[in-house]
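The structures come next, written out as structure tokens.
Two complexes follow with subunit A in common, the first pairing it with subunit B and the second with subunit C.
Then we have the complex of A and B:
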């Protein structure tokens, strides 16, 4: 019991509880028809962005490397997921199973890309690493806007870059259509699937962080040279964290794309990567519950500001700047530290009295 | 001839990248922050010049001067309001604030000037009613815009190098970028030096905005973001924090992009350019002219 109530365990548990309570409340609101349809349509994007923020937090917060191309992995997952869902539509009739298969395939493909990208990227450090992830994000976007993939009546795939594949026979179907992307997607994503994905990501991340692997990763973050000296294989552990983060993002991408009828590569550009990074930094690096709250609030905020119409993004920008200024203000920080100290002191006093 | 003309247009594009990259690299060198709002300052500069030229009918040099003044003020104000309170904060916090400023500028521009693209006066730099001259018996045409862009870039480069090497203020800037505390102990006003760096960077951004839009005459609130990203890449490519590095990186990136567009593929130009960049960074991880930092254990 004592072990279960350790500080980090309590923190992790509270993340699970928060997600579950939020899910139940949303389900009750939907059941009672008390939720406006605008917010209902936001439920799946919120889930997706929460998972994206969690996965990026693994790279930025736990591994301590800045990544500016996280949307690239989302894009890989999205295109793989949709292509799989379209190709297997006749084979698997149960939509939940189709969605699960699409998400798993998206995650696997994103993980493969994670390995390919990770090998060169993780040799670099700091801003140079950041710029290479940015470059990879742009490359992935550029490739997907020029990718054509068709499926002929016999079930064979044809792939072409820049132009449509020439050997495509009549009666075949285009899956990915260059800059138009994929259209005619069956919307099979559900809020429940999003909820399950969040829980699975949380389980994976918390267990990784608590394991030997996680401790090695954090040792690299805190002091790379010291970690190397005690015999930690830097490349291996950096790669583990990076690929894991990519895979989770891929699954989220599949879920995201199967929520819309069309999907194009321009949706996953540099701005999306930055958006997710904003969630992570505002929520606190390495703080998973913070990421969840920040992602949810900042996804809903622009929609909730709709009454300001044209001014909403302006207000969003000002809010963002003000939050950053307020959270880093030394006077405010000192004030909060004092409160924290006072609470801790009180607890100690009580503990003494109990003895 | 295709080779020469693509080389010349590459150098011209590269000059614009280089001017933007100079702003990035100077601010990075001294404040250790990635100023993501830099690309949007370019956009503001281009808009100011557009209105001065089109709505008020002012001559182009006054337009450029006006946009430089406004951008300089804008840069200093941004620095005072958004970045100065975060001097001691973590670098990621400053990065997010810069992104916030970038969103702010883009959306303010959207509200003020609407999202419909404005066509920048195409024959902006005219001499004697002509927009360019030809060499090799009329086989190769060079527009004055390209010529002005390249000359501007070279002049700025030389002026900046002289400024940082010879003047007292330039020395102060180098000292601050080397070691803030030590510079302060030597009696350098660190805050003022940083503000001046921002002012210079933003003034350069205004010039870059005008040059960029005279070459690619479509002006809208998102005009600055993609050149901003590319110039930032160029700055890292050349070794961030180094002024000659930014110049070289910008020029190489422009030439690379132009050649890829001419010889390989227009659609995949971005992918190929970024791909080459990654390969280069793997061979030389601190950029072309970047300093190798030895780690102390």
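Then we have the complex of A and C:
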């Protein structure tokens, strides 16, 4: 009983509750037709960015490595997901299943890229790792803006870089069309799928952290040499965290892309990577519920500020700065610490009375 | 006192001295002509030492003598530039830090290196990672093997913490504990790897006399209970003379003397280089 009530358990539980309550409230509002369509159209992007922030927090907060190219994995997942959804459209007719398959494939492809990038990148430390991940994001962007892929009538795939594949016969269908990206995408993403993805991500992250793998990852973060001296294989566990983070981002990317009729690589640029990092930093490194709240608020905010028209981004920036000041303000921190202490003291008193 | 009478030290040809119990058995550690250079500086040079399977050995010498460097060589934090290390008769030449840990060397650090943002219990459980083998998927899905192995790890962690009188802080963040407690947790964490040889780098540093007294008792208890060898670096001469059965003194990276505490305490070269200066 005592173990069940430990502090981190309470924190994990409150993340699940927050997500479930928010989902139920949104569903009720939609059912009652009380949610403006502008906000309705934001539901899936909010889910996507929450998952992106959670997955990046695994790299930044739990593994302790700064990554500036997280949108690259989202991009890989997005293109894979859409390509799979287009290719299997006739085979799988249930859209929810098609979406699930697309997301799983997006996750797998992003994981493969995670391994490929991880091998060189994870040997680097600190700033170097940040710079190389940044370069990775840019490379993925240029790769997809120059990628052409078509299917001929017999179902064979043809791939070309920079130019269209020359061996493409009459009547073939272009899947990926260079800088135009992919168009004619079936919009099969749903809010419920987004909700489920968040819950699955939370389960994966929380349960990993509470397993031997998670402990090894955090040990490397806290002290690499001590971790090695107790027999922790640094490369293996760094890679595990990095690939897991990439896979979750890949699934989110697939969900994101299947929410629009066209998709192009420029959506997943450096700005997107930084945006996700901002969610993580504002929400607190290693703090998953913080990531959820920061991602949700900061995705909705710019849209909610549309009435300010041209001043929208200015207000957004000011709000960002205010949040940053508030979360790092020593006076405020002391104030919250005092409240926490008071609560703890009260609990102790109660415990004494119980005895 | 009692310990000293029991252990009749007999020098053996390779180097060092063996405890009576350990005679005729494979020594746990043999260092042969071990050395490392840092850009021309011979931090450790021609270091020879043998340690018995259940010996408590002391490594002493002035600051900068190369004691911590020897621990770093044994654990492969540094790769030796010369010589051989035999752990339980096996050459560790091709091993890295992780493999040496699995082969049975565990250590603590002069500058404490705990996983300071993790709980005390998790610090200890990290060191048990290699005795668990459930996969990440089993961990995420919380399958029976996860629960079984985690429960065992929890029980063993609490047992080991209790051994050092630390069970009551199992849930506390390791970095928030006082200095002495952190040193004790480093020892528990090292023990959790199931070592054959435990290296303690200045375990009594920053401890008050009563904590040091307790530490001496605990080090003996560790050796007796787990039947392992302990090698310790320490400046507190009461501790070293009180519990070590064999002592090796080094100065400027070279062995100055080896022998029983009595032999070391009466060795003129040692007194001049080290003991004499710390008298005042």
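Here is the rule we use: the second predicted complex is superposed on the first by the 352 of 355 C-alpha atoms of A that agree within 3 Å, B and C clash if a C-alpha of one lies under 4 Å from a C-alpha of the other, contacts with A are read in each partner's own complex, and residues count from 1 in each chain.
Here, contacts are C-beta pairs under 8 Å (C-beta built on N, C-alpha and C of every residue); 3 or more make two chains touch, one makes a residue touch a chain.
Because the structure is predicted, anything quoted here is derived from the model rather than measured.
Peer 1: Is subunit A touched at more residues by subunit B or by subunit C?
Peer 2: Between subunit B and subunit C, the winner on subunit A residue contacts is B.
Peer 1: Once the shared chain is lined up, is A:225 touching subunit B (first), subunit C (second), both, or neither of them?
Peer 2: In the superposition, A:225 touches subunit B and subunit C alike.
Peer 1: Does any part of subunit A touch subunit B in one structure and subunit C in the other, and if so which residues?
Peer 2: Subunit A residues touching both partners: 225.
Peer 1: Which subunit B residues qualify as touching subunit A in the complex?
Peer 2: Against subunit A, the touching part of subunit B is residues 28, 34, 36, 82, 85-86, 88-90, 92-93, 95-97, 99-101, 103-104, 106-108, 110-111, 225, 229, 232-233, 236, 240, 265, 267-268, 270-271, 274-275, 277-278, 281-282, 285-287, 295, 297.
Peer 1: Across the complex, what residues on subunit A touch subunit B?
Peer 2: Within the complex, subunit A contacts subunit B at residues 60, 66, 120, 123-125, 127-128, 131-132, 134-136, 138-139, 142-143, 145-146, 161-162, 225, 270, 274, 277-278, 281-282, 285, 310-311, 313-314, 316-318, 320-321, 324-325, 327-330.
Peer 1: Please give the residue numbers of subunit C that touch subunit A in the complex, ascending.
Peer 2: 75, 77, 96-98, 101-102, 106-107, 109, 113-118, 122-123, 125-130, 132, 134, 136, 139-142, 146, 149-150, 153, 171, 189-190, 192-193
Peer 1: Please give the residue numbers of subunit A that touch subunit C in the complex, ascending.
Peer 2: Interface residues on the subunit A side: 6, 203-204, 207-208, 210-216, 218-219, 221-223, 225-234, 240.
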